[in-house]
Amino acid sequence: MKKHITLSVPFFSILFLTMTLVEAQPKAPVSDATQACLSCHATATPGLMGDWERSRHAKVTPEEALKKGKLERRVSTDKVPGVLSKTVVGCAECHTLNSEKHKDAFEHNGYKVHTVVTPADCAVCHPTEDQQYAKNLMSHAYGNLTHNAVYADLMNSVNATPSFDKGKTSLLPSNPETDRDSCLYCHGTEVKVAGVTKRNTGMGEMEFPVLSGWPNQGVGRINPDGSKGSCAACHARHQFSIEVARKPYTCSQCHKGPDVPAFGVYEVSKHGNIYSSLGKEWDFNAVPWKIGKDLTAPTCATCHVSLTVSAESGEVIAERTHQMGDRIAWRIMGLIYAHPHPGSPDTTSIKNKAGLPLPTELTGEPVSSQLIDAKEQEKRNAALQNVCLSCHSEPWVKGHFARFENTIKTTNAATLTATKILLDAWQKGAAQGLAQKDSVFNEAIEKKWVEQWLFYANSTRYASAMSGADYGVFAHGRWYLNKNIQEMADWLEFKLQQKPATKK
Amino acid sequence: MKKHITLSVPFFSILFLTMTLVEAQPKAPVSDATQACLSCHATATPGLMGDWERSRHAKVTPEEALKKGKLERRVSTDKVPGVLSKTVVGCAECHTLNSEKHKDAFEHNGYKVHTVVTPADCAVCHPTEDQQYAKNLMSHAYGNLTHNAVYADLMNSVNATPSFDKGKTSLLPSNPETDRDSCLYCHGTEVKVAGVTKRNTGMGEMEFPVLSGWPNQGVGRINPDGSKGSCAACHARHQFSIEVARKPYTCSQCHKGPDVPAFGVYEVSKHGNIYSSLGKEWDFNAVPWKIGKDLTAPTCATCHVSLTVSAESGEVIAERTHQMGDRIAWRIMGLIYAHPHPGSPDTTSIKNKAGLPLPTELTGEPVSSQLIDAKEQEKRNAALQNVCLSCHSEPWVKGHFARFENTIKTTNAATLTATKILLDAWQKGAAQGLAQKDSVFNEAIEKKWVEQWLFYANSTRYASAMSGADYGVFAHGRWYLNKNIQEMADWLEFKLQQKPATKK
Amino acid sequence: MKKHITLSVPFFSILFLTMTLVEAQPKAPVSDATQACLSCHATATPGLMGDWERSRHAKVTPEEALKKGKLERRVSTDKVPGVLSKTVVGCAECHTLNSEKHKDAFEHNGYKVHTVVTPADCAVCHPTEDQQYAKNLMSHAYGNLTHNAVYADLMNSVNATPSFDKGKTSLLPSNPETDRDSCLYCHGTEVKVAGVTKRNTGMGEMEFPVLSGWPNQGVGRINPDGSKGSCAACHARHQFSIEVARKPYTCSQCHKGPDVPAFGVYEVSKHGNIYSSLGKEWDFNAVPWKIGKDLTAPTCATCHVSLTVSAESGEVIAERTHQMGDRIAWRIMGLIYAHPHPGSPDTTSIKNKAGLPLPTELTGEPVSSQLIDAKEQEKRNAALQNVCLSCHSEPWVKGHFARFENTIKTTNAATLTATKILLDAWQKGAAQGLAQKDSVFNEAIEKKWVEQWLFYANSTRYASAMSGADYGVFAHGRWYLNKNIQEMADWLEFKLQQKPATKK
């Protein structure tokens, strides 16, 4: 039993003392350059400053970071350049790095500074993450969307402004700012230097570059130094907290809408329930992440990104990866049919037999030469399932994945049925499609066809993959797969009755 | 005033010492059988293990649990079998219990083990909860859905794969895995032993049963021991935390979609706001749950399940119940019209005058003989309102419930209007219904009719019942009740103009 | 380095001691009148009591509150009436205040008590907040909705009960309880004394007023003392916690649905992500709110309401305002087109050239004489942007706002296109509109027109304003703006083909 010895020292005085002692520890060294930044920006941007002060970057020098053991290390380089190694990672360390490559670099108070810190900058200390991320579909999200004629047409059908004149609808072209405010917000913009401007500041008049496509922190941003992506998409500036990246709200920034409802599904899953109920007691900052100790149910990062080890044995359960596809066998979103993941992160060269830049035919058959094969799928499934097996038995896991693959089949079948109705509509002249060289996304029945796969089939698959069934039935799932088919068939019937045969 | 005496002992060293002392307490005794499980599974399934270690089951023996006072007790039996009473509730205690009744029991490392722990197993220590739950509609959720011809048809209309051929749509039958991944995920599957299989394990080759319908933790699961339900639906394995069950995320697993948007409504209610803002300071583990001290606004469990007492007087406000209907007078979801709760949890024997297995006529009149009467409704309302009165005055509560009953009437009226349009469509041959022995859920207008009650009337009623008005207006509520009527009427008008009269 | 001195005093005994000392501090003085209330209500309503006990009102007297420095003060009066100044703010202090003005005041156990505490009561200590709030559109939310013929018609189209007879739909008038359960839940009801009633209580039979329109805590509630609004809409009774008001869940009570999805957008924004991930470590009770210390990303209140200062310099970043429009240049919700904010919070006198009570023409041109001018817009933008600049550079902020103004233009254009289709439908007799003196909200195409602006244009604008792009593309945004146009055009085409020309 515990012995209770009463002592006339209030708790807070001890806490106070402790804090004083901690405060008294030598402060982490800050470079002169960063000190110069802080001399103005601490006052000019107090929120940014307070955020950075809480960051690990503000507290640990790369030299100290390198002393950690292999599993505990958060830097993946073996050697940080000397000039960077003995001070904490402050403003100047990132914003003056590689400035010769940065078209956005400018003279600022005696330093060559750039606004847009890029994966290539972060790679000085985190090269493995940078290399992995470059093989991630996300780093190519800008080009994969805008340099693919079909996707570009879909994007236009979303962002263009509608018009109505003499009983006919048409689309006025989208403007660049709309694209950046819409699809490119997540996919990433192209950030370019568009000129220079002068501004009065606390330091007098100063000259700054004018950036187009700014602000943006999309996953596939095209940066002024030629690199792709933005680490800040997930590692929110300027705290760059691993806790933030590991919590599901980060993924929800881009993965909540009905086209890719990962977060909506997670919320109603058992995993999401446990996280929401008990996650407050977990350690989201531990590296490696010890399953059974630091956490007892997964977040997005646990399954798809993080280095996890067993709390009991210390054995590695999953290696850290920033090429998220490493543990994903199927692409279940964004395309007309679910299919094996593409082999290359740059999907612009994929073409199906019909010559369309799609990984499947319009009728669903995969363009296998461009996609990973069954063996690679098995490898990725094994890597993912190894995480599941931390808590679940093999029959549980196998049963779960068998159901998921069944769902891929049935949702693809439901999409094929929608496609058949659309093809019938095109063939009978009720709508204008590929043969007429018209957009395949601009008429009402085409939009219903898009919803069949982009919303309802995707949502059903996510609900299945992540065990959030409530989402996949009536929220945006199976109910609509069948309802939509009836409405497409009725639309076609009504349209074919119009006389004379209508044209859009 | 507090005296501040400075002491040269850092806080953390004291904390460390305290933790050491706590560690030094004699560990709760673990049975030899459970010790044997742990010898492999601690390493094999570290997540599961870490979860269980945090559980009350891992820390308290049934003998100790029985020593608590009546209101503090978490076990409802008066006597736990001797063999179980002096060790904590570990792996073996549950997974080898009643194994003679378990068709899924198998020889495993010298023990007869079963995978699927059931309410009948939990009933050894928690018999009252088991008995109450057996009278809960939820424990019959599997049979009530699959053994009712109308609901089974609705389920098929959701899960079956659509097909399109020669201008006609049809449904290919659903496969069992789809049902299990969809409706039965929450309602519960039938778990059966479908064979045996051998698998290589760390212990060499071992034989395991193959279970069909697995995994599942639905509320009405049919278990291999013949029992119904899964306590893990709400008491997530293997921590079985009362905190999890009391937090609203647990209910949201099955009650968030537009068919039963309890969680969506709660989120925008004042109760939900206060919980989300201040719940972090509440005690979700206290038994009994002291209103005014442990919590200051209700979660789902507070109103519908938990034993609550007054923080001031200790008086019981509501008795614990696992027959959730005990405090619910109306069934406002899942059926065509809101109506008094059914008298029996098994609803398969209900029939209306037209011979349909429904608790109301198609035109809304309740099948009163099968439903609770006004006196029982009053009793249940009184039990629920006693919780409300902990914080609200009687006029507030009466005013709230008067509005709710008004909403039941107006939403039922809006559903009746939709039904009249549907009956008109059937009668005029625009759609095929009961008279034609066709499914009442497969045509577009029928699906709109379903949405009128299953989505919009239900959502409006939940918004009213739980004061989350924002959800019941434009999110999925009243706006759509009226919009849907116009669209149904237009569909009928368009369809009747088709020539020749179309058939599905 | 820290020295570790081991000490044989467990941590909890010290904590216990500390708590005892804190308990021993003299309790804040409670008035005799409040003591009398507590003597029954502590037992009768323990939840309410526990909530109040946690409030600042229960711990600090107005006299003490007045001693705080200008920025720290939470009361805005300079002098609290003597009788109130030396006791804490308890039951009697609010519920017996100004009782001569309260039509709901009644004799209760020797005191003249009123149920409905109003902004005029709160104004005794918080007059500035009351004055500002009176200039806020929200305080006029009841009249602005019900005394505007167009909005009243929209409200009726939502709340009225649909009917179907002889192939025709119509609307049965809404009843008052439905309006109060729907739109008026947030807008506020008119609370009136409708009679008196007797009730048995623990104190024997007592007489109470009967209130109509009760319960309600809507932002524009018409109170029995003639005042407007309810502070409890945001400052939830009876803790009145500034933490609750500053957290986004409070705003979500009324601002989550697709008509005004501020919370839905915030959730997927970077700001919302950081709040959800790290907000647990912030101080939501600090006054003033120090950016960079108490918080590192904004909630709704940070941008629109709170007094914020720089953590570094202490400089004021934004003054506290309860006239939320102070930092909002555009009204982007609730009306057909986004437009500059109205000049007066009472919008019932606004009329466009066509004589409709709307701030724009049906074709979008603003009724400039009733709206704030460009200079006032600039002032409000500057006030809001000063908050942004705490963390973001000027190019970031300017770039963001340029995109937002672009979105206002494109969404207004998409609404105009929908309006053109509707005008065409009215003109060709496919629907009955203004010229026919028919409701403009009751036919299917009219409802689609409403969704174009009330749901999709609004949602797109919120997504743009608050950087939650995921919400504004496929959730309720741009995708639907264009889809809806196609469906409106098709509906018109189908309707015009019906013979004979149909009438609703």
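A few remarks follow.
Just so it is clear, A, B and C label the chains in written order, and each chain counts residues from 1 on its own.
The definition used in the following text is that a residue touches a chain if its C-beta (ideal position, glycine included) is under 8 Å from a C-beta of that chain, and two chains touch if they have at least 3 such contacts.
Just so it is clear, the model here is predicted, and its values are computed rather than measured.
Relative orientation of chain A with respect to chain B corresponds to a rotation of 120°, obtained by superposing CA atoms and rounded to a multiple of 5. Judged by shared residue numbers over all numbers used at their interface, chain B and chain C contact each other through mostly different positions, with under half in common.
Computed from the mean C-alpha positions, the centre of chain B lies at a distance of 32 Å from the centre of chain C.
Residue positions 2, 8-10, 12, 14, 21, 280, 494, 497 of chain B each touch two or more of the other chains. Touching chain A in their complex are the following residues of chain B: 2-12, 14, 21-22, 25, 42-51, 53-54, 115, 157-165, 167-169, 171-172, 175, 177-178, 180-183, 185-186, 199, 208, 210-211, 214-215, 217, 236, 239, 241, 243-244, 247, 249-250, 252-259, 280, 442-444, 447, 454-455, 491, 494-495, 497-499, 502.
Looking at the complex, you find that chain B touches chain C at residues 2, 8-10, 12-18, 21, 267-270, 272-274, 276-278, 280, 291-293, 295-297, 310-313, 315, 389-396, 399-400, 402-404, 406-407, 410, 413-414, 417, 420-421, 424, 463-464, 467, 469-475, 477-479, 481-483, 485-487, 489-490, 492-494, 497.
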